[in-house]
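Here's the structure we're looking at; comments come further down.
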Amino acid sequence: MEILAYILISTGLIFFLGTTIGLLRFPDFYSRMHAASKGDTLSTVLILLGCICLVSTQGEMNWLLGLKILLIINFIFIGSPTATHAMMDAGNKAGAEPWKKDSE
Amino acid sequence: MLLVLVRAVKGPTVIDRLVAINVIGTKSIVLLLFAGILFGQLEMFVDIALGYGLLNYIVSIAASRYYQHRRCLEPTHTANGGQPSRWKS
Amino acid sequence: MMPSLPIWQFDVLLLVLVVLFAVVALSIRNLMGAAVVFGAYSFMMCLIWAGMGAVDVAFTEAAVGAGVSTVFIVSTIYNTSATMRSRPGGIAFKLFIGVVVTLAGVFLLSALPDFPDWGDPNSPANATVAPYYIENSIRDTHVPNLVTSVLADYRGFDTLLETIVVFIACIAIYSILRIETAKSKTDEPEEDTATAPPSYDPSDSLIVRQASRFMVPFMQLFALYVIAHGHYSPGGGFQGGVILGASLILLAISFDLKFILRQWREKPLMLLVASGVCLYATVGLACMFTGGNYLDYGSLDSVLPNDRAMARSHGILLVEIGVGITVMFSMLAIHINLASNGRFDRGL
Amino acid sequence: MENLIANFNYVIVVILMMIGLWSMLAQKNLIKKCIGMAILQTGIILFFISIGAKNNALIPILTEAAYSDPDVATVANPLTQILMLTAIVVGVATLGVGLGLAQKIYHQHSSFDEDEILENQRK
């Protein structure tokens, strides 16, 4: 169980590394958003799942803890794409220019 | 990890910053849980993280609402200082 | 019990980050960007409190920073403008202020050797009155969360007055923004057309609205859990109240301000803000009538079924509910006032 | 130098407070002043919390094992924490008041800039 937890957490960290690199290196707002939203949600969910596995190995009352972390995952799964959609809409409305190949 | 994001916070436009803040918000949930594991009393930190998970998208929604409405407002405010240079930080 | 925690390095890193965020937030010329970076600053602060073991403070900061304070700044900017005028000159003035402030900082730093070390268990603050609370809380009140018991019982007066401060801030907002616009309702429309946002476009944010509709009940349920379970886990009236207020603010920004105003009209809103403080004060008075001092919940045991310590626990719960009501509705009232510039019609 | 490490939190407190104070004095923009006020406030809160922190101490919520005889050394100081907990909420309320004042001023002078407001006043 613990090995599974570490595997999940390190996978999440790798995805998060991808997120940060994408956030830094992509040329325009929309692609940065792409990297940020997907990688961020996925890595958070993976790390939290790893936390559940880690928690379930120790102590009693851990089902409640696991349930709470599952709730956090649920809310992130709803909230993060919503926020992404809202921000994307805002960027579109505010007139952020999509990056074109010949613009640089 | 967060150190890398600091550069993103200095990103070119406001909305980029918004994205970065959203990422930082979700990552602070994870860091809170790690702090809880380090303290050995995770059940106390889970509540804070849950509150974060519920709340941290309010800011981005508020900001996006701001941009949705503000776009139509621009002409009335040109009197107070020309075209607002929104895209320069 | 626990080995020395590796938290301190983590803390030092976060402290440096916090200073960085503060500088960035102040150096960004666009006010919107400044507000957003200020939100990140408050995230970092929350992590620092958690790292230092102050979970309740971290919880408050999380609720406040993620839900409320940034929204206040955004709604203010929404009603005004986000651009800063760049002016020639003024550098000398800023430098002068900088020198003065640096001198003050050096002056403060010169007192550094007199302070106890960071995390010293025997420092005066930790060694005088705090051990009493730690040792006696369970015996006196049956409340394992020391912060709650100290907050609402041992230092009940303090909290009562802090709640009144929040209440007064709400009244102050009303008298600053609301009263004049409410009086001069007749000449409102002409000015309105110039600055009013466009009417609400329902096709704008269907996803956002549906997600909010899904999230808000969970938020409110969680907030009630936080208030009620504050005896055993981090939480209490302030945190729960802020989360409840934030859930209503979320409704107000994802739907329309009119939507929330249909549910909470102006007069009941203010009455509820006052009723929270009144509940707190009434509990104190009830203690006097049953023979104790003001806010001495122990004397309520003649009314409540259990023994003296349990009565104090129940008294804490009542007081926390009062605090929660006041904080919740004053957050909502402040947001409505700021977002609609006191007109109570439409806004962010 | 060792002293500096041991008291690193106070150094940060002083830096934060001075940043806040500088922005309150030197920034011309009222919103920036409000943000500076909030930063000054968090500096003070940090001061109190770090005074109350203890090495090797857990959070101030007693575990069931410690109900009968809590060990003072392993529980962080609750007193400073409650003072600051209320201070944060009050701080948000005062931030709201400050922003409300700024909004009122903006709608009278259509500017956040201190100098322009003063010029408008003189007219």
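Going in written order, the chains are labelled A, B, C and D, and every chain counts its residues from 1.
FYI, a contact is a pair of C-beta atoms (placed from the backbone, for glycine too) under 8 Å apart; a residue touches a chain by one contact, two chains touch by 3 or more.
Everything quoted here is computed from the prediction, not taken from an experiment.
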> Does A-C or B-C have more contacting C-beta pairs?
Replying inline: B-C
>> Can you compute the centre-to-centre distance for chain A and chain C, using the mean CA position of each chain? Integer Å is fine.
In response: 28
> Any idea how many Å lie between the Cα centroids of chain B and chain C?
Replying inline: 18
> Approximately how many whole Å separate the CA-defined centres of chain C and chain D?
Replying inline: 12
> When the centre of a chain is set as the mean of its C-alpha atoms, what distance in Å lies between chain A and chain D?
Replying inline: 30
> Going by the touch rule set out above, which residues of chain B reach two or more other chains?
Replying inline: 18, 20, 39-40, 43-44, 47, 50, 54, 56, 61, 63-66, 68, 70, 80, 86
> In chain C, which residues are in touch with two or more of the other chains?
Replying inline: 2, 5, 53, 55, 77, 81, 85, 204-205, 208, 212, 215, 218, 233-234
>> Show the residues in chain A shared as contacts by 2 or more other chains, in ascending order.
In response: 75, 79, 82, 86, 89
> Of all possible chain pairs, which ones touch?
Replying inline: A-B, A-C, B-C, B-D, C-D
> Within the complex, which stretch of chain D touches chain B?
Replying inline: 58-59, 61, 63, 110-111
>> Please output the residues of chain C touching chain A within their complex, sorted ascending.
In response: 204-205, 207-208, 211-212, 214-215, 218
> Which chain B residues qualify as touching chain C in the complex?
Replying inline: 2-3, 6, 9-10, 14, 17-18, 20-21, 24-25, 28, 31-32, 35, 38-40, 43-45, 47-48, 50-52, 54-56, 58-59, 61-66, 68-70, 72-73, 76-77, 80-81, 84-86, 88-89
>> Quick check: in the complex, which residue numbers of chain A touch chain C?
In response: 75, 78-79, 82, 85-86, 89
>> With touch defined as at the start, can you tell me which chain D residues reach chain C in the complex?
In response: 3, 6-12, 14-23, 25-29, 31-32, 34-36, 38-39, 42, 45-46, 49-64, 67-68, 70-90, 92-97, 99-104, 106-107, 111-113, 115-116
